[in-house]
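What follows is chain A paired twice: with chain B in the first complex and chain C in the second.
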Partner chain A sequence: MTGWHLDDDMLRRYVERTDSLAEGASAEQHLLSCEPCRARVTAAVTAAAGGTGLSVIDFAAVWDRTRDAVEVPRPSVFERLLRGAGLPAQEARLVAVASAFRGVWLAGVAAVLAFAALAAAFGHARGVWLFLSVAPIVPCLVVASSYDPWMDPALEPELVTPYPMLRLVLLRTIAVLALALPAVLLFGLVVPGETAFAWLLPAVGFVAVVLAASTWVSPLRSAIAVSSAWLAAIWLLAARSGAPEAVLQARTQAGFLALAAASFAIFLVRRRRLHQLRPWR
Partner chain B sequence: MDSRPDDETLLLAVAERDMGAFRTLYERHAGWLAIRLSRRCNDRDLVADAIQDTFVAVWQKPRGFRGDGDIAAWLWGIAIRRLVSRLRTRGGVAAVSGHPGVAPAAEDQVLLSVEYGDIGQALARLSPEMRAVIQAVVLDGLSAREAAQLLHVPVSSVKTRLYRAKAHLRAALAEGPS
Partner chain C sequence: MATASISLRDVGRTFGATRALAGVDLDLRPGVTGLLGPNGAGKTTLLRLLATALPPSQGQVRVLGLDPEVPAERTGIRRQLGYQPQEVGFPRGFTAFAFVDYIALLKEWTQPAARHAEVRRVLDLVGLSDLGAKRIRAMSGGQRRRVSLAQALLGSPAVLILDEPTTGVDPEQRVVLRAVLAELARTSVVVLSTHQTEDVAALCERVIVLDRGRVRYDGPVTELTGQAAGRVWLADEPDPAASISWRTGTGRYRNVGGRARDGVEHVEPSLEDAYLLLRGGSPEHEPAQGVAS
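Up next is the complex of A and B:
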């Protein structure tokens, strides 16, 4: 303490902003370390806020907003990530609220994948089959669950609000794929050979089929149907030839690409039928 | 002399999610922070937003204060940066501090020359733009980038103005009082 304090004139000039730069700077430097003078400034400012045109801000209102802001739960990491990617706060909440983005669900999916990948890495041919049967259907199952009204009661109040269904479904699909694809890819790295990536096109194709099918039936139901069909096909193939090459053939892969394109076209054409996801209407 | 808890005690209580302590901290500091911010930015809504952001940040990370120096200085560091980031997201708002730039009255000149020697007069002779830069960089300790955002000018202008202002001051001080 220097024993030096703001005198009343200086304080008034500071609050009224009629001081010079040097005087203001010295006042500010002093205020940082002198509690009594800070209290005097605060008293002068809040007194001014009560009446005259000198008021700075409405401290009571700012306090209310601050308290409200700290009392609502912080947005999840995922939601903040979406906002960071440039999505407006409201849409980020709408996308992130899907139960598919809750930790437990994601952890379950990751565990299944890890199991399949490990089996592939250590179990040779059989394990590779297992990975190939699981990996392509994971994305479409996760996508379907991200907007299926049955899976996700949180969707109900959102869908009654006039929000474009197409946008919501696509946003959630993209968000879920951005999460699921890297995970599956990562687990695929421990799988020997090209199998690690052979599932990509089938996976994209299945997601598109589920999107298209959800203009008729519930997304989860169509995802389960697609998955069952895939499992039946791959087990049939395994029983007959016992080699995973068939899925890797360029012709088959091209077929999956065509499937994806056709399904997505159907989805876009029938996008208005997405309203059938609102069964209570 | 009084039994009011000091700021560090309050901050510890805030870390324990004590809303009462948080409110006391707000009442104790929002006033002077707001007046100091409003000397940098004419837009009252922005100042209010920056104050809100500051205290939300304090609530979220009360342990950001490492116990060195004064809590007031720590708070000010948060507040001025929140203001800068609000300015950046709002964009386009004329926010140059617009220091009233009233020429110091005769008695102030005396006071200043007692307090600061010739610095006060030298500062008073700077153009408003240069004073704004000096205020942001030298007195508020902002980086050139932050100062550029605060004053809505390119970073390069901040650097050249700071350089010129320093040269100006140096020359003025070397000349002695005119």
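Up next is the complex of A and C:
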């Protein structure tokens, strides 16, 4: 904005539309960035309409709506889904901002899952092992990426706002699970036999372990450690028995359920020591 | 309305074996306080402490009379706090408007119309009103710096903590930002760290010089500058008697500190001269007043 403003004559010609094309364009250009002159135009139009019964345009409101249309970011598909699921608009925005919900990241995860599922469908025993290796660790990796400081470049300004980080972490975790679990289930439909669902309890257990471990170390490190341990265990199992029955046994599945319950209990007890809140331990 | 204030008593902070701050005692009231010091002096650590992003290892911090170690009181502080960190990362794909709007949401601006108006107000304050829809990745370094300043200005906070707010910002915008901060400082505590002594000279009534985690000087800018009076002179050659000398644009040498010979051309000291004198001075150059350690 400069120190120059529309003079009274120019403003009158603009309101009465008696100005030249060039002068009108110049006035329009100035009005785009000058609030005081817009107010003068509003006042002049109001005065001109006095007693005539003509409706007066609220230029300020029109201007705000125009700027909203240009500047206010459109909600992403995921944000709209969250709103549709009943999350208030502002919280849907806060959740959807996480890197874990970016299209490229999600596409990468989907590609890995698709590959594992197809390998299981057409690759016989080795393919099934591959699916069983990948499927349970996908949710915990995506959960970790949804609130890991390394993945969140704006963490420091976020941290010193009154919004509770713990709530944000939990909201993002729930949103990730709501997205990841059905996706893996969908890919699992092409996997033969009970293996298609054998990953479910390990996945829930690993997410809980990552949450609990995030009260000591960063979420991404937790997820990488959990994933590495799982991959090593699967490799050992595959090398020994050559079949995934060990994972499918009821006793093993109950173990994962117990792991999930214990980890979640630890998380609840230590929730204020989340890695993001660590400075205030 | 209660007067905004911050107090620190014997505050220290260590990172492992490294001591970043030690024995800091400060009382801050509305106005602009500048923080000067070399790299690694503890400026960012002190600002993070004031911004509730970091707890002290020892001592007591009170911001607006509230204790940041108590969760409920910490939230109370954060409701009245604006903080611009030294480095701000921006989520991928965000525009300036979207980023400031996101932080406004976290700052409990839940009504969209009021929030959008506030976002526009702060973008306007930092001279970015026409660039709200521009992606931050496509912005220059100075423009990004102003986006991060805009989010700190949301809600005209009672406490504003700024870590190098003018780095990369062009001279015209720096003048505009000084006016914005001076206006806010009528009622708010504004603390800023910078390496630009001219910003401190132009904006701050008080300056704190940190060195190796300790407060080396705490007092009025004019007093610090005054301590360099008679210790800055111009000569055709670097003067061996000076603590520091450098060649100026006119080809003459500016000599600071030490003992000037008779007949040299003394010049008005700048804050930078005084700061260099304080930093590089021998014990006889230690300021008589305002030294906290």
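As a working rule, the second predicted complex is superposed on the first by the 206 of 281 C-alpha atoms of A that agree within 3 Å, B and C clash if a C-alpha of one lies under 4 Å from a C-alpha of the other, contacts with A are read in each partner's own complex, and residues count from 1 in each chain.
As a working rule, contacts are C-beta pairs under 8 Å (C-beta built on N, C-alpha and C of every residue); 3 or more make two chains touch, one makes a residue touch a chain.
Fair warning: this is a prediction, and the values are worked out from it, not measured in the lab.
When the two structures are aligned on the shared chain, A:67 is found in touch with chain B and with chain C. Within the superposed three-chain model, A:239 lies out of touch with both chain B and chain C [touch as defined at top]. Comparing chain B with chain C, the partner in contact with more residues of chain A is B. In the superposition on chain A, A:250 makes contact with neither chain B nor chain C. By the touch criterion defined above, A:14 lies against chain B but remains apart from chain C after alignment on the C-alpha atoms of chain A.
In the overlay built on the shared chain, the residue A:23 is in contact with chain B alone; chain C does not reach it.
When the two complexes are overlaid on their common chain A, residue A:43 makes contact with chain B while staying clear of chain C. For the contact definition in use here, the residues of chain A common to its chain B contact set and its chain C contact set are 33, 67, 70.
Chain A makes touch with chain C in their complex at residues 33, 64, 67-68, 70-73, 89-90, 93-94, 97, 99, 102, 152-164, 272, 279-280.
Considering their complex, residues 14-15, 17-26, 28-29, 31-33, 35, 38-39, 41-46, 56-59, 61-63, 65-67, 69-70, 74 of chain A touch chain B. Contacts from chain C toward chain A in the complex involve residues 51-55, 69, 71, 74-75, 78-79, 81, 83-85, 88-95, 97-99, 101-103, 105-108, 110, 112-113, 116-117, 120, 129-130, 132-133, 148, 151-152. If you check the complex, the residues on chain B that touch chain A are 7, 19, 22-23, 26-32, 34-36, 38-39, 44, 47-48, 51-52, 55-56, 59-60, 70, 72-73, 76, 99-100, 102-104, 108, 111-112, 115-116, 119-120, 123-124, 126, 131, 134-135, 139.
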